[in-house]
Every structure is written in structure tokens, then in C-alpha cells.
Amino acid sequence: MSGPLAQYLVLAALLFAIGLAGALSRRNAIVVLIGIELMLNAANLNLIAFWRYGPNPEALEGVIFVIFSIGIAAAEAAVGLGLIITVYRHFKSTSVEEFGELKG
Amino acid sequence: MLGAGLAKGMRETARNFIGSYLEYERLTTVEYPEEKIPAKETARQFPFLVYDGDDPEAGLRCVGCQICEKECPPQCIYIEKSKEKKPDHMGKMQLYPHTFDIDISVCMSCQICVEVCPFEAIKMDTEFEYSTTDRFGGLLADKHMLAKSNEHYNRIHPTEASAVDAKRKNDREVAAAKAKAKEEAAKAEAAKSKTDG
Amino acid sequence: MQSAFYILALLTIAGALGAMNFKRLVHCVLSLVVCFAGLAGLYLNLNAQFAGLVQLLVYVGAVAILVVFAMLLTRNAEDAPQNAGSTDWYLGLGVASMVFLILAFAVQGSELGAAETGKLSDPSVKAIGKSLMTTYVLPLEAMALLLTSALIGAVVIAKGPEEGGKP
Amino acid sequence: MLENIFVVAKQSVMGFLSGFLPEASLPFISSFLSIAPILGIFPLLFALTTIFERKGLGRIQNRRGPNRVGIPMTDIRIAGFGQFIADGIKSLTKEDIVPSSADKLIHFLAPVALIIPVLLMFSVLPFGKNLVPLDMKNGLLFFFAVGAASELSIFMAGWSSRNKYSLLGAMRAIAQMISYEMPFILSSLVVVMAAGSLSLVDIAEAQTGGIWNWHVFTPWGLLGMILFFIAAMAEANRSPFDLPEGESELVAGYFTEYSGFKFAIFFMAEYLGLFAALSVWITLFFGGWNGPFGQYSLLPSYLWFMLKLVLCIFFIIWIRGTMPRIRMDQLMNFAWKFMLPMCLINLLGAGSGYYIRQTFPQSPLAGWFFEWLVVGTALFWIWLELGDRIAGKALTQKREYRYADQ
């Protein structure tokens, strides 16, 4: 497959891979969260690209899906950062290695 | 109601805004170099030397006693006494200052020189516009710059100056009376010695 | 439109790489903002105006600011050293490149008809709003509930125990 | 004739240029011709506002304000209106100081990143009939989205200076702008509901036909107008919400470490953001470029717009001369406990007002009357209750000091 849709899909794949690499290899919990946000955004880009170059752009599924996804990402960021702040209060660090001690 | 206080405040500021164009008295400031607020009677800026009569050289009240020089906290006064004497207003022979300099840039307007002067010779002026482009020479006031007439003193501090004038007049009268009494006593002494002798 | 795509794609990828690789957390966040702005530009390029502007409003205006706040509240951890060359790093890089290669091959080899739609549809906000209120009203309500609970949850988590009271 | 003078002028210039310039360059020339007047007029308005503000504040405090600087080398003073040129020259020629421990790149980028979104905000504003640089379907959303981007620039400025005053100012600014972002957007939604469009051009056109069609003369529009104004003042860090740059406690807030022309850019960005917010305020509630007399327009539409904008500028100067700066806890309480519920209730009021008017299709006057009677009374009552019970208490309560009172 080639053409504009493939371009967007490859770009989204690259974005997803960068986010994944960051989320797996960085230690700071905030950076891990940023990586997860990047992966979510890659998915959003896919949705929009499929909607635009798909067979039926008159239907609004793609855009609506993205709007919901953005809303969920905002909620996720708020809760995730709240958790990070709480853990920081306890361990005085935001390194994900500390988080391992949380297991019961 | 929320906002009522704001409306009240805005009415007040609007009244100020319009009023400041209509009523001159509302303005609390003047446009300085063109307009000036006359100095208050109790204002004090920098010292000056008082002289009586028309001749600043002859009428200078200062006798060069150097008390002010010693008392001045920032030490901005420099005095050199004269060699010869001349009579003061009571006829007593006194020295006078040969040199009398005040460094205005150092003076802190504390008025201690005025407080300590026993001859009512140094007073505080209300003049403050001494700005100059010459930082060192321009702010060093010498005897000629400092000497100002008793009329000037009466004009800027009328209450204080009239008290000083009355006191000096009284001093003069007392001195004259004393001199007269002394003269009479001397005359009587002479007459007595004449009758005796 | 093609040159705009390349510029925006470059901006997005550069921003994403920066967000994952800078040492300072603040630089990561600012780089992330560049990435988000690039994505918003891509959405606009794809004629999804509403989605692009919402992306800008929510991600740049809210999520990035939230991350900034979290960063400022956890200030001691500002300079977390990155362990380049450790096992974690190799693992992350390896998995990520595998994922990318698989996805890229899948996309290239896909038989999916790349429907070159001639007409550009530009959905009006009215249409989006109407379908949100009719077809998708249930997800919308669920979303509202989720956001409310997330708001309350975040406040409860981050507020911590009451001062002087019981923990 | 006068109405379309700018449109005609641009068309004739474009027609002239298309004769010998290559085809590909024409869109750029066209954009440039649309942008250049904005870049000329609004910074000039900013410069004039600084001098008007100083003179106005002076008069409010029974002073004269600046009245010295006129034409150099002469005694002509033109009532002090040479001041802004002197200020401009001064800030242009001043030394640019960068703190040695600052994050140099971000410190340099912050003013640039601030002025770009602020200028972008102007691109969707309808300045007159057919005078809009970018007629976007989602113009209002664009305005809010771009405005949200300026928060981050303020954070960049505060953080990169490595100064605690800057950082505190930036923290305050972000907290304030995030808190008032929601009332800012929600209070404008009533107009979007009424006009059925997010395009500012459509919103302005929905209010043509005389002063009684302006949204401010409906109960929800009046309330929305007040709420939008308060939120806009807070978004623009304008007095009485100028805590981020509270001179008495924070030196100058987030731009403490900026000098010379970078400082001037911060200053200008603040005022330009304010003008943009006021322009949206005018467009949403005061008829935009519409004159108040229906089809007897008297003045060209862009002059009506500028007249309204200048009146708004005088109004905010008046507000600044009246109100003291409020406290941080008051600010937050007011945003979350009063502004947000009030905006949500106002949305309800706008919806019910719409249905009340729908029930009187024959006589708009009766619909208007009943709308005021029902919705207006309800909103006024809620304003009183909420204002006194919640906001009044929050605004007047004594502040509790955690450490100082012991």
C-alpha cells in the first residue's frame, strides 16, 4: 500500500514506537507517562487518517472517537499525575524503581 | 449584592476623573518648574549666613568662633579666622571669618549648626535648587554665596526672625545701657577723683 | 498539502524524540508540546478542524500544564539520570523497533484499498454536536461520569491526609 | 463606498500585482496584505493605550499624569503624547541582560512563544463587514485553543529565569489561567447556542439589525457578558487579577529577569491578548461590527468596531483605577465557587430562554418580555443568593495564616 494513508500510518507507527521505547526505558515516572500519552496520540492520528481516507468520510466516527480518546487521555493524565505526586510524597522520588515496593 | 460595592467605587473614581479636569483645587500636584508651591515657614534646606545692613562683608554676624564647625556631624563646614578684629553690633570687638565654606553636597540639613550658634549668625534657607553640572566646585558654597541679608531671613522665617531681631535689639539696648552706666560710672569716678584730688 | 505534511511530520517526530531523550524534565515537556502542536497541525491538514483545535486546547492547554505542575511539585527528581546502555535501555529500544518494523511492514504489505476520496468532507461542528447528542449520547454520558470521577479521584489522591487529623 | 474601502484596496493591489508576479507567490502576498494592517494597528493601539492608561489613572487619582514629552528640540508638548515613542526607543536601546544561571535557550524562546499565539488570536476576529483575516468555521474554538497555548510561554519565562519571584509568578499565572479558562469558555457558550455557530463572523451577523438584537439585551447575555468580562480580565492577567506580576510582593512576576526589548514584548503581548479578548467580548455580546441603529449605519463597520474597542479600553482603565488587587485565595474561591456554577446555570438559563421565546412565535416582544420576566428574575435571584452566600463569604472572610499567626 502506498499513498497518503500509508504515510500517515507509518508516521503513527513511528510515534507509537518512540513512545513505547521511552515508556520502557526511562525511569522517571513522569517521562513514562509522557510516553504513554505519545502512544495514545499515535492511535488518535491513525483514527483521523483512517476516517479521512476511509470509504465513508461523511460518517463522523473517526472524529468522535478521537474526541472521546482525548477526553479519556485528559482524565488519565490527571489521575496518573495525582498518583505520581502521592508516591513522591512517600518515597521522595519519582523513579519507577521505587514503585516496585508498592506491591503487597 | 455582589458588585454593588464595585459600582460605588467606580462612581467615586469617575467623579475624581471628571472633577480633576473641572476643579483646579482637586489636583494635589503642581507642574514644578513653572509653578512652585511656596516654601513652608518651618522648611529647612541648607544653611546660610545672616548679615545686617547693606554690606555683606561688614555686616556679617559670624564671629568665626568655629562652634558650628566642630558640631557639624558630616563635617561640611570649613572656617578660617581673621587676624584682626572689628566691632560687632553691640560695639564689642570680635574676630570675623576670613574663609567660611560649606560643602552643600555633604550637608545633611540637620540644623545643628543653627542650634549651637550663639550669635544668630547661621540660619537655614528654604532654597533647594542647587543642581549644577559641576559636582565638586559647584556645590562648594563660599562666604559670598552664603551671605544673605537679614531681610531675606525675615522673609522666609518671619516669626523666628522677628524674635531674633527683638532679642538682638534688647541685647543692644542692654549693652548700650551698660556702656552708658559704665561711662557714667567712669565719669562719676572721674568727678569724684577730681573732687577728691 | 504534501510539503505541509512533511514539515509537520518532521516537527512531530522531532518533538517526540526530544520528549523521550532530553535529560531535563522541563525540556521533555516543552518538546512534548511541540509534538502535540505538530499533531494538531496534522489534524488540520487532514481537514479535521474540530479535532485539531480540541487537541490543541486539551493537550497543550491542559495536559502539558498538568505535567508541568506535577514536575514542579516533585522538584527533587528534576534531573533523573538516563541509563543509556543498560539492559532496560536496550530492551526498550529493541521492543520498540520491533513493533515499528512489524507495523511498517504490515502497512506496506496491506491490500487495503487506499481509497483516494476525491471530495474533502469538512464536518461541521453542528453535525458533530448533533451526533454526540443522538447516536453517541451514552458514550458521552459515560465520558462525563469518567471525567467527574477522575476529577474527584485526582483531588482525593493528591490532597493526601487532612492536616492534623487522622491519616 | 467607505464601507468596502479596504476590500477594494486589497483587490486592486492584488489585481495590479498579479500582472507581473508569478502565480505561486500570490497567496503569500494576499496573506501579507491581510496581516500587515493588524500588525500595524494593534501595536500602535497598545502604545497609545499605555499613555492613555497613565493619564487616565493619574486623573482618577487627581494627578495630571505624564504631560511632558512632546516633539524633541522644541517646547511643543502635545500633552505628553510623545511619551510612548520615547518609551519605545528606550526599550529598544536598552541592554539585554540574561541571568548567568538561566536556561538560555528557553529564556530566549519564551517571549517569542508568547507573542506568536497572541498574534494568532487576531486572525479570526471580524474587524468589520468582510474584514476578517481567516474566516474559520471554528473561529471561537481557535481563539480559545491558541489562547491556551500562551500559558506555557509564561511558564517558560518563569522557569527559565532561575529566580524564585519569576517561578512564583509563573505558578500563580498558570493556576489563575487554568482556573478561569473554564468560565471563560463556558460563559461564551450561551452565544454559541443562540447563534448556532462557532464562527465569529456568523455570531456577529446574527446580531445585525439594531441594538435590540445584541446579545447583551437578553438575561443570559447580560450575565454571560459580565462573567466573560471577569474571566477575560483574569486570563489576561489584568487588574484586579494581576497577581502574577504583583509588584509589591513579586517584583514583576514571571518577567522579572527580562529587560530591554524582551520585556517590551511581554508587555505588548499582555495588552494585545487583552485587546483580543475584548474584541471577542464585543463580538459575542455587543454586536461586533454592527452599529446600534439598524440599517442607518452612519459609520463604516470597522469604525464601529474600533469605537467599541476604545470604549472598552477606557472601561478597563477605569476598573484598574478603582479596584485593588485581590488575594490568591479569594481568586481561587471566586473562580470555583462562583464563576463556574454561575456559568453552568447561565447555560440552563439560555436554553430555557430559547424555549420561552419559541412559545411566542407571533410576537417577539412578548417572548422577549417573558424571557426577561422568567429567566431574568431567576438568574438575578441566583446571582444574589450565590453572590452573598458563597462568593461574598469567600471574598470577605479573614485569611487564615498557617505559620504567621502562631
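We call the chains A, B, C and D, going by the order they appear; numbering starts again at 1 in every chain.
FYI, a contact is a pair of C-beta atoms (placed from the backbone, for glycine too) under 8 Å apart; a residue touches a chain by one contact, two chains touch by 3 or more.
Remember, predicted model here, so these are calculated numbers, not experimental data.
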Legend entry - Chain closest to the middle, measuring from C-alpha centroids that were averaged per chain: D
Inset, instruction - State the chain with the largest centre-to-centre distance from chain D, centres being mean CA positions. - result: B
Legend entry - Gap in Å, rounded to a whole number, between the CA centres of chain D and chain C: 29
Inset, instruction - Measure off the straight-line distance from the CA centroid of chain B to the CA centroid of chain D, and report it in whole Å. - result: 59
Legend entry - Centre-of-Cα separation between chain B and chain A, whole angstrom: 83
Inset, instruction - Compute the distance, rounded to whole Å, between the mean C-alpha positions of chain B and chain C. - result: 80
Inset, instruction - Would you pick out the residues of chain A that each touch at least 2 other chains? - result: none
Legend entry - Overall pattern in which the protein chains touch one another (line/ring/star/complete/other): line
Legend entry - In contact (per the touch rule at the top): chain pairs: A-C, B-D, C-D
Inset, instruction - Please give the residue numbers of chain D that touch chain B in the complex, ascending. - result: 56, 59-64, 67, 226, 318-319, 321-323, 338, 383-384, 387-388, 391-392
Inset, instruction - Would you tell me which residues of chain C are touching chain A in their complex? - result: 5, 9, 12-13, 16-17, 19-21, 25, 28-29, 32, 35-36, 39, 42-43, 46-48, 50-51, 54-55, 58-59, 62-63, 66-67, 69-71, 73-74, 76-77, 80, 82-83, 88-89, 91-93, 95-97, 99-100, 103-104, 107-112, 114-117, 119-121, 123, 127-128, 131-132, 136, 139, 143, 146-147, 150-151, 153-155, 157-158, 160
Legend entry - In the complex, chain A residues that touch chain C: 1-11, 13-28, 30-31, 33-35, 37-38, 41, 44-45, 48-49, 51-55, 57-58, 60, 62-64, 66-68, 70-79, 81-86, 88-89, 92-95
Legend entry - Of chain B, residues touching chain D in the complex: 1-3, 6, 9-10, 12-14, 16-17, 19-21, 26-29, 31
Inset, instruction - Would you mind writing out the residues of chain C in touch with chain D in their complex? - result: 26-27, 30, 33, 37, 40, 49-50, 53-54, 56-57, 60-62, 64-65, 68-69, 72, 122, 124-126
